[in-house]
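Shared between the two complexes below is chain A, which has chain B as its partner in the first and chain C in the second.
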Partner chain A sequence: MADVLREEREGVFRDGGERLSVVDVDVHEMLTSIRDLIPYLEEPWRSRIEVNDGFKGPPGNPYAFPQPTGVAIQDAVTDDGSPAGSKLEMVQEQVLDRYDIEPAILNSLFHPTDHQIQPEFATALASAYNDWIVENWLDREERLRSSITVAAQEPHDAAREIDRAGSDPRFVQVILPAVAHHVFGKPYYWPIFEAAERNDLVVAFHQSGGTRTAVGLPPYYIEWHTAISQNWQSQLISLVAHGVFDRFEELKVAMIESSWTWVPHLMWRFDYNYRSLRREVPWVKRLPSEYIRERVKFSTQPMEYPENPEDLYRMFEMIGSDDFLMFATDYPHWDFDSPKQALPHSFPRDLQRKILRENAREFYDF
Partner chain B sequence: MTSREAVRRAADSREARYVLCGLDEIPPGEVRGFRVGGRRIALSRLDDGTFRVVADTCPHQAAQLSLGSIERMWVSDTPGTHHQSENRNVLLCPWHGFEFDLETGGDPCVPGRPDLKLKTYRVEVEDGEVAVYL
Partner chain C sequence: MADVLREEREGVFRDGGERLSVVDVDVHEMLTSIRDLIPYLEEPWRSRIEVNDGFKGPPGNPYAFPQPTGVAIQDAVTDDGSPAGSKLEMVQEQVLDRYDIEPAILNSLFHPTDHQIQPEFATALASAYNDWIVENWLDREERLRSSITVAAQEPHDAAREIDRAGSDPRFVQVILPAVAHHVFGKPYYWPIFEAAERNDLVVAFHQSGGTRTAVGLPPYYIEWHTAISQNWQSQLISLVAHGVFDRFEELKVAMIESSWTWVPHLMWRFDYNYRSLRREVPWVKRLPSEYIRERVKFSTQPMEYPENPEDLYRMFEMIGSDDFLMFATDYPHWDFDSPKQALPHSFPRDLQRKILRENAREFYDF
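Now for the complex of A and B:
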């Protein structure tokens, strides 16, 4: 058990007498079907989904049967066959109540950015999804916050959606898919970052159906799942190299489910290359590692567990900031991490508190 | 200052004065290495005709910096644009392209790292000669 989570009574943890509610920066709500969005769509888009021909909508996971036991932890499997994560009551019981989590941030896995559909339709779907989140999740559970879903292929429309949805303070960030086929640091996408900064919202990256490895989609899911950090790495490198952090000086970025033990390597290599190649990107004013330490946070999940837990803590220390990690469960997925077990004893008690709660509270201003 | 006055002043200040070359031997924009007083130094002539001297050994992997090149430092305030600085000049290491500010000896990417800084030396043009003081 994490040293700071001493259970006093069901679902409430205390540290030195003080309630220690956990902040979870990665919970996934799911549609039961794309048809859930019908009430939130105007024509001409509504009727395209209303067509009752059995079409299930755009695909999500690039692997058809990724896990032999399914994509969810078994607790989260529903009685009626609807997707794990589609029932608020189960999220309340299995996440919020069980671990005294408040708040939890919902990160949509519905990414119109990935959909090969008419761009105006993608924009309408993003907007409908945000309205669906408000009515079906945020209005029904005050311990939830959410990400804003956008269709990034139309950055100016995405910015308008960020302005619209972002007026509701329960939306705390914009979620972008960590994709392999282009980088979001390019100026084409800057309206999204500008809108996020304007609305005091974090921009988060999470894997999606567009996430690939350096060799694309290898045959086995384990190959893909082990290698996909490359996507977050490339997106992070692009944000620095294209000058996003220099242009948007208040912008904050969250890397969700990227893992994090690769960060020391990336910072060392990036800084070293910067000394040789700064002239190529002279608008980048500081060492890349400085932007990363100051402006970027990472989720804990999926934690990695070397044989010696001290090795994991040494990796953490190499990053040089106590603030950069935020706890995440990734409920309801098979690689879920429990707040009671995720952090090894090698992490000092004060640091566990920061990771389980305080870092996210400060970053998102909870 | 005449070279005779310079020699006298150097003796008084306990600096060692070494004449490196004639004023016209190094055209603007070039850098040349010298070994004087037991040290390896790099003499650069900026595009305004003035001279700078720094240590000639890169603190990274000991490359001979005088085999590199000098330029006005590339800067930008707007992503996607490039222009050269009005007043900063850098010496580029011939191996890894690390930059060293010819005024301070520091690497502009890591100005706070004394271990990555070159020693700088006073250089004067006296009676048509380029002299360095170590």
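Now for the complex of A and C:
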């Protein structure tokens, strides 16, 4: 099966005679520093950054990364010490060109939602960030799409930002951090889903510096990174239990970097509980697994690699759909996946094609 | 395959000609009220309860249960309004006799670890509870074994209680609540594991009123009950990452009511992270999955029921061991499992026998 997706030159796949560009649903662009946003901010927020009094933006990941190159994959480390992911040329060379990727979706790791004070400042930072993305990334490279950054703690303001930025079709989704202090199924947050639906945008979840586990922030990064899928699980449970999918019938949700082999367990357990306990949530009209199967997609990265690769395919089958999974590199991070190596070669040819390309194209309507 | 474990009269299984009594690793005995402990307490703690000023013991589950009979299965509801599980006769009739169970392990839902103030009071409550168990349960029914209740917030005091109660061989394990505010891998808690190992006792984890998810206490019970396995996951990750299994080479751990179909995902993800990040935790000498496979057992209940029962067996195979699972009823709770129905009949005959009986007998050395 190794020749299913033949590599004609480095990174360019062909399926039979047809060129098969890959869709990458998770690339992280980075600010060089918070000062990059100065041109896009009004007062009084502009001065808050200009005077350079130590404000660095919303809190980032607190762990020292136990990899030789920190959080970055080796290739993505810059010569001048600026953050990995902050240079468009490197994204072009190392992602778009090298693997013939088109489009790649930029997912911000800059989450004003995690800025727990001064919500108007958070909202201003979100708008500035979206303007910065347009000018420095989308206008300079047509193979890119982007998420809309919001300050979700003020859902009505976030909805206004979604309407504003969402008028540009290069924004394809709204990104929310999978964190402990916002439980997004609650009606308080519904203006965000309403605005996403109104603008035909996906709502995506991704970890941030505010991501916690069932025991908070554990001492070691390896613990945190092993456990954090719990956050997406809890957000997904919240969306279903609060009836978000019943209320917003067109809403589509992407779980980015959540991993996905926990999905069968969660579907089974949630369905079992629903059968016994549904009188607590009478607005949920169908089995939880049905909403998940029909309305939610997951990204490949991080993939898991069981000793027996067949186990991964069995997991896939258990979810009962062949369109739930979308390829992601997670560039520029240490656990970057190449489209050449992410999927076991034993996955059926059609399925590989769907994961590497078709599922995302259909979901995002590219 | 339906006749694999033939039922000769209600609840009594025979495998060929041999009587096959079942081992149940999770039955919950309950206090009628905190006043049951008065005879086992010294001053000043005794008066704290005797004056009846409203103290009801450590916090319990805060949710109103959305089942017609509350948290209890219908059979276990008492005539006089006392808590389900508080009457030995009902446990005898509905568990031990009805299903020919011997032994059943009592797991306290009374967790002084969750009493976050006055640690000496918590320690006194734990001792009183263990004495109450001996006199009211173990001395009255020889088919019962029990967990030792501790106040884990003071690990040295907990270790002393383990030495004291553990001299009675009817105590077979130490039970700890899977909660957010104690992360049990940390060296602070090691006196507990040291005492358990010294007394040849298993350490078990079970949910309590302090159990939280990655988003804390979500609004609905169905959310909480779908997500709480996150707690056992985080405690397990903590034990491995902090080197508890390396330090205590004889330590055995039981995950009770954690469910288990999340285990393949966690093993794969943890192993992947270990391969990349192990320089952060150099005291962990082997792949995380190896500790889990060799030192940790899980209880059946709550079982999940995928549409295709084969999926459950596939999950089982992915864990790569046939002795990790032990049958539990979870009497008297609403999601009680009967040994007649818990396992898919398509599970191989030998495996059913191991799960219903042999695995627990070997693990607890009955």
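As a convention for this text, the second predicted complex is superposed on the first by the 345 of 366 C-alpha atoms of A that agree within 3 Å, B and C clash if a C-alpha of one lies under 4 Å from a C-alpha of the other, contacts with A are read in each partner's own complex, and residues count from 1 in each chain.
The rule is short, and it goes like this: a contact is a pair of C-beta atoms (placed from the backbone, for glycine too) under 8 Å apart; a residue touches a chain by one contact, two chains touch by 3 or more.
Treat the numbers as computed from the prediction; the structure is a model and nothing was measured.
Colleague: State whether A:P306 touches chain B only (first), chain C only (second), both chains, or neither.
Modeller: In the superposition, A:P306 touches chain C alone.
Colleague: According to the stated criteria, A:S86 is in contact with first (chain B), second (chain C), both, or neither; which is it?
Modeller: It touches nothing on chain B or chain C.
Colleague: Once the structures are superposed on A, label A:R247 by its partner contacts, choosing first (chain B), second (chain C), both or neither.
Modeller: A:R247 sits against chain B, while chain C stays out of touch.
Colleague: Once chain A of both complexes is superposed, is A:T213 in touch with chain B (first), chain C (second), both, or neither?
Modeller: Touch partner of A:T213: chain C, not chain B.
Colleague: Just chain B (first), just chain C (second), both, or neither: which does A:L287 touch?
Modeller: After superposing on A, A:L287 lies in contact with chain B but is clear of chain C.
Colleague: Looking at the overlay, what does A:S21 touch: chain B (first), chain C (second), both, or neither?
Modeller: A:S21: touches no partner chain.
Colleague: A:P187 contacts which: chain B (first), chain C (second), both, neither?
Modeller: Only chain B; A:P187 stays clear of chain C.
Colleague: Between chain B and chain C, pick out the one touching the greater number of residues of chain A.
Modeller: The partner that reaches more residues of chain A in the superposed model: C.
Colleague: Across the two complexes, find the residues of chain A that touch chain B and also touch chain C.
Modeller: Shared contact residues on chain A (touching chain B in one complex, chain C in the other): 242, 274, 276-279, 281.
Colleague: Tell me, which parts of chain B touch chain A in their complex?
Modeller: Where chain B meets chain A, its residues are 74-82, 96-99, 107-110.
Colleague: How about chain C: which of its residues touch chain A in the complex?
Modeller: My answer: residues 66-67, 180, 183, 186, 212-216, 218-223, 225-227, 229-231, 233-235, 237-238, 241-242, 259, 261-262, 264-266, 268-270, 272-274, 276-281, 288, 302, 304-308, 311, 314-315, 318, 320, 334-335.
Colleague: Where on chain A does chain B make contact in their complex?
Modeller: 187, 242-243, 246-247, 271, 274-279, 281-283, 287
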